[in-house]
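Labels run A, B, C, D, E, F, G, H, I and J following the written order; every chain starts at residue 1.
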């Protein structure tokens, strides 16, 4: 499984709408509206690196209301949870 | 459940050691070493807001090798997953 | 009670009007027009964390004339005053 | 009454200790430990502008563990509360 | 007397015009067009803090051609000159 | 007369001491301790451009406790005051 | 051979299209869509410095959809590969 | 002779045109299109400081296609060349 | 093959030494010393994503003289060259 | 001839000494101490690109008192002067 943390700022007044649009995209596991310098943080979890690349370069692209994104691709994961089983990423 | 995304930069050469120390802290669900402008991203998931406040102000504090942290506290969560059940946060 | 400090920049010429619109919102306790890199600082004081999340993600959103906001959610409070009683937050 | 919002970053591991030191200073009404790019936000409320100037240039100066402060002096206040009476600033 | 240093960037091609508009405002003592990261620096000198607050929040606001201002309110003054007498601030 | 606005940050706890040292330098007309992102703003007023260059490159240099300076050299001045007479710059 | 690394941000939704347009330009060896603060990184490899200068100032200029570029011109190359032969730069 | 280094960013696609317009202005000695965070660097060399001030505040102003300029006014010059004679600045 | 562009700043006076150390690491294809805001740019080319993750988190870590790195992991590659064959990545 | 503009910040109190050291290096044509965000700007003029690369990566390196440099390599030059003849670059 390939994970990525995506930091997002939206167009004014679009935080909630963009969060909902993102959460509907296959491969986006969670979307948090957050305090601080970013409006939203999305966690992407895909089967492999190619799926992640497609998700970031071809799907996030099409979401209305996004102003800026910065993808932090996970190189390694440290967790007490078996994330792979929990999220059973099929895509 | 209260979630937070914590952006972290470490002292030079400490990325892996800090990741392991963080992953051992109760309330820290996942730690990702990442590409881009942050060394690590930790996801905290606690029972309630008070536990998160304690985690951030009193435990992260004591982890050796951290240079800077910035906590992005989740205001709302959008997910197709039932994160609450999946992570069964007892703390 | 949940407190937050909200740093705000407004559209040009809108400082005073935005300050007045914000001060009318339930849950916004004080709005200061300030020197320095932010035009306004609002203090939100709500009954609990959920009310704060709603205030930030759904009401500030609708205020005309805001260009950028950054919410600094309070994790802990240190004060000689009994803020809870003083502000008697009903919302 | 003169109000100011003071944005503070502390030396590593000093957030709580600095918060307590600040809260003990006359003229500092509240200190919040916060999410986001600042560690602490203090609200100063003094009788007049000269007291504020003294507080910022001569007392904050002496607090151990502070790395950086940025004072946002309030030019005007908008609030439904009678802050002057509530905080009964004697200093 | 209350002094403030106001750092200003103007709309393109408006440096000189904005400088002249600012110099005509009561309470603005001097306007410098400058080298470096700001286009103009204005020095405001008013009778008291309230006049300064009004000047910054209500008059600078109305000046055409300003893109960004940042007010650095003086907390204390050190000078060999008797600025108060020299500028005989009546406003 | 040549004017310059000098933005200064000092070593921690040195704001007042640096302000006094600067105010004693010939050619430095006023020093303000300020709110916002700079600790001090000094106004230099010298007879001509060469004196200013000497002041900035050879004297400010020697003042203890300064961390960073940025000189904004005035290209043109707009003022209702006759600054030249008022400050009677002899140096 | 003259190498340069060109950091690129594109207009919203234009990452893939710009990548393809750049890859078609003679002298552009590789274009990577990337994680992090830049959308694309292009590697230019030209016969000599003049060709690189022409490429950057006259051709990149004409590519639709680019918002910002920053060229990092290589001063020296360290590689186990014989890049000159591998890329057989004819242009 | 008064020298200044002027850092310039242009509107998209205007680098070469702006460079040519600048090079035609009396008092602008050289214009370089450059790698890195600025598009152009112009060197101004004028007879005295007043000519430089006029050049920067009144002529650069009128050049089409400039987005941002930052003037670094030379305080002192160190050179093995006799720049004054070489550039024989008449303006 | 997995590619990444690694932006590097070194300790003072260490540019050349770090470049040589990096070029000796398996998986680092090329190292460029560059103009502009980074001292070095390294191109990593590894067999797969896991090798890249190991290279970045465990080997770059050990190189003496590096002050800061920022890894831009390639999501997709556009090139007229058959990079995979050319660099025959065995590692 | 190859030109480059080198933006330099020095260790505290070292502006003049660094300027003199730089001006003594073959290939450095002029060094300006400047107002604004850089302490010094050096102009390098070398016979060709290789000499410039050597100058930047091997000689500037050895100058004591430099804190940061950023080289802006000239891609093209626009000037009414015949710089090549004037500076008769032999190195």
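Details
Rule of thumb we're sticking to: a contact is a pair of C-beta atoms (placed from the backbone, for glycine too) under 8 Å apart; a residue touches a chain by one contact, two chains touch by 3 or more.
Labels paired with UniProt names: A, B, C, D, E, F, G, H, I, J = AsnC family transcriptional regulator.
In this text, all values refer to a predicted model and were calculated from it rather than measured experimentally.
Path length between chain B and chain G in the touching-chain graph (shortest route): 1.
Here the chain-to-chain distance from chain B to chain I, counted in touching steps, is 1. Within the list E-J, B-I or B-G, E-H finds its counterpart interface, over half of the contact pairs alike by residue number, in B-I. Mostly differing positions are employed by chain A and chain G in their mutual contact, as under half of the interface residue numbers are shared between these two copies. Work out the mean CA point of chain A and of chain H, and you get 46 Å between them. Here the spacing of chain A and chain D, counted between their Cα centres, is 38 Å.
Averaged C-alpha coordinates put the centre of chain G at 17 Å from the centre of chain I. Residues of chain B in contact with at least two other chains: 16, 33, 35-37, 53, 56-57, 70-73, 75-76. Pairs of chains meeting the touch criterion: A-B, A-C, A-D, A-G, A-I, B-C, B-D, B-G, B-I, C-D, C-E, C-F, D-E, D-F, E-F, E-H, E-J, F-H, F-J, G-H, G-I, G-J, H-I, H-J, I-J. The touching residues of chain A, when paired with chain I in their complex, are 2, 49, 52-53, 56-57, 71, 73, 75-76. Those residues of chain A whose C-beta lies close enough to touch chain C in the complex are 12-13, 15-16, 33, 35-37. For chain C in complex with chain D, the touching residues are 3, 5, 16, 19-20, 22-23, 29-38, 41, 43, 70-81, 83, 86-87.
Within the complex, the chain C residues that touch chain F are 35-37. Against chain C, in their complex, chain E makes its touches with residues 4, 53, 56-58, 61-62, 66-67, 70-73.
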